[in-house]
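By letter and in written order, the chains are A, B, C, D, E and F; residue numbering begins at 1 in each of them.
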Amino acid sequence: MNDEKYTTGSANIGTIHSDLGKNVMAHLKEIAPDLARYITEFFYGEICTRPGLDMKSREIATLASLITLGTAPLQFRAHIYAALNCGCTREEIMEVVLQMSVYAGVPAAMNAMFIVGEVFQDLDNQGEGDP
Amino acid sequence: MNDEKYTTGSANIGTIHSDLGKNVMAHLKEIAPDLARYITEFFYGEICTRPGLDMKSREIATLASLITLGTAPLQFRAHIYAALNCGCTREEIMEVVLQMSVYAGVPAAMNAMFIVGEVFQDLDNQGEGDP
Amino acid sequence: MNDEKYTTGSANIGTIHSDLGKNVMAHLKEIAPDLARYITEFFYGEICTRPGLDMKSREIATLASLITLGTAPLQFRAHIYAALNCGCTREEIMEVVLQMSVYAGVPAAMNAMFIVGEVFQDLDNQGEGDP
Amino acid sequence: MNDEKYTTGSANIGTIHSDLGKNVMAHLKEIAPDLARYITEFFYGEICTRPGLDMKSREIATLASLITLGTAPLQFRAHIYAALNCGCTREEIMEVVLQMSVYAGVPAAMNAMFIVGEVFQDLDNQGEGDP
Amino acid sequence: MNDEKYTTGSANIGTIHSDLGKNVMAHLKEIAPDLARYITEFFYGEICTRPGLDMKSREIATLASLITLGTAPLQFRAHIYAALNCGCTREEIMEVVLQMSVYAGVPAAMNAMFIVGEVFQDLDNQGEGDP
Amino acid sequence: MNDEKYTTGSANIGTIHSDLGKNVMAHLKEIAPDLARYITEFFYGEICTRPGLDMKSREIATLASLITLGTAPLQFRAHIYAALNCGCTREEIMEVVLQMSVYAGVPAAMNAMFIVGEVFQDLDNQGEGDP
């Protein structure tokens, strides 16, 4: 275990994610503490703090990957909030989804757009523009 | 057929792509002119000129999707050049690949990295920094 | 925007799809009107009206693709109705699913068959043979 | 129809699977009796009784495949019970999931781990160690 | 082993496939005779002779699935010949590929189209219309 | 950087892999030293040394995942050697592939079997039983 990276990673999860992402990680930690620790240390404590790519671009890449996979709707939902937290506008997120219709196919883009619609509706209901 | 979008799309292919991407599209046009036309009109003439997301971010999303698919090494290779043409640095491209190891798995990232290595080597052999 | 193709596409959606497919498209239009318009113009207004392949065969190809993807149960459900509307028999739809067990794997075929079973049950409950 | 393999396969389903897996097969049999019969004869009556690989290793391979697919959560859930029935420990199952984070990506492993957590919780609630 | 189904399956392979498909199966038989036998008995001896769906439609479904998978270019190539042998026209095959651009994404359709182009060129070079 | 895990990981790569796997890692290290280091530290230095699952079972899970992905033939080839090195017999490896025909589909199993056949032929040509 690498305490320093874990601390950095935990702080980054706090900065990048909204409640949904934090709750997913907390829930994972209860079930599989080692997997949660690896993700915290390796991804949030090391990869996403590397200087070569800004966090906003990292979230765009993550959204594109999750839309293409099509098997991780919960993570996609959490990363919509994360993308907003990292400086993406709602319009940029919708453009990423729209562009994925070409690479991952129309069904993948439609499924992603329905989730985007729900997240934006939730934000509107909370009387907030963006988190 | 929409001549205006086709003209716009053809021009965008000329701007975004290097020789490889142009040759792939030219080859597709010989075999399946209608599919080539749809891609030119719809993707290059319409989607990628939409104002909500800059071309560099679109290429980052495209790279992430192609790495995640893992089934389109030729298109991934062409879009490495395209990403460089649209303002991505070599380091940014490698960071996108590295990040994909988390979302799409390590084999997907390794395969992509080998292609990135070949493209960068080719560019070095041509005595160019970036296209 | 191409008004003629949009009109053709909207009419084709009305002909091909039952309520579920129409509602999915209507819902998409509320959230992402541009994606809905692209699908209407490009797929329903252009691709699926091309003379080289009949609509029934197009639906068979669509079902096979959606079963293979395994990530679009809502669209698969809508295209079961569409396939029936385009002349597929229930037996033909079940044979497509069964055949996919070989190409896409048994879990993909099982998941598809459960959805087919629900749609056929719904149709029976409505006192209809086929839509 | 091959009665002998069907009888062997049905017996193997009874031995390998817990209630969930048995119910899934029974439900499939109602909707698509031929697909259920093929799976019973071909997979449970022939493949999984081949001498070259023990049942525990077969279940490890099956879990790894289902985690990688990411599109068959119901079958994955059923095969967690099956793996326990075939001699896997809970720890071994969690290690397979953890290892898949490297090959299939972190989202695939997280989704699988949440299902593993639910199954183990259900077993604990039933006052049983392992089925 | 089921001799009757094996005989039927072998005959069907002879009828459906051209040299490429026959050679792939013969090569598989050398390496893994049991897998070759299962495919012969189960798929070619049983599934594809079921009365509910004609062979031409089965080949359309197979092409759509293989394009969507994107990981089986050899099998896709063999099934282009098989589709022609089962009554598909060249135009119908190209339409299936074109339609897959919507469901499986543009890269999947492009890759498939390049293979289709090669097969049609080979047939032209042999001075044949269709096999 | 974690020197201890890197040392452990490098040693494990030496033990688990044959020349092919070692060469792949060495090649990756030239192109993308950080990705090579992460894989060495995180996978070979940490995950695969965890006590909950023996190395032979880990290789079975890895083979099953790589066959299911279908996009990593190089890694699959390397892990056939690794599986042999970790105690799998040739027969066990072929059974894993055969079983994957059910979960990942027949094309995935066929493609994997062709690679298995090549590896076993290479080993025979070297006058060795198993590495």
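The criterion applied here is as follows: contacts are C-beta pairs under 8 Å (C-beta built on N, C-alpha and C of every residue); 3 or more make two chains touch, one makes a residue touch a chain.
Predicted model only: the values in this text are computed from it and were never measured.
The pairing of subunit B with subunit E is characterised as different-residue: of all residue numbers used at this interface, under half are used by both copies.
Chain pair C-D has a twin interface among B-D, A-C or A-F; that twin, with over half of the contact pairs alike by residue number, is A-C. With centres taken as mean Cα positions, subunit D sits 31 Å from subunit A.
Between subunit D and subunit F the centroid-to-centroid distance comes to 24 Å (mean Cα coordinates, whole Å). Among all residues of subunit A, those that touch two or more other chains are 34, 38, 42-43, 47, 50, 66, 69, 71, 94, 98, 101-108. Of all the residues in subunit E, the ones that touch subunit F in their complex are 24, 27-28, 30-32, 34-35, 38-39, 43, 66, 69, 71-72, 74-75. Within the complex formed with subunit E, the subunit A residues making contact are 102-108. Those residues of subunit E that touch subunit B in the complex are listed here as 70-71, 94, 97-98, 101, 105-111, 113-114, 116-117. By the touch rule above, subunit B contacts subunit A in their complex via residues 42-43, 47-48, 50, 52-53, 57-58, 60-69, 89, 91-92, 94-96, 98-104.
Within the complex, the subunit C residues that touch subunit B are 2, 34, 38, 42, 46-47, 50.
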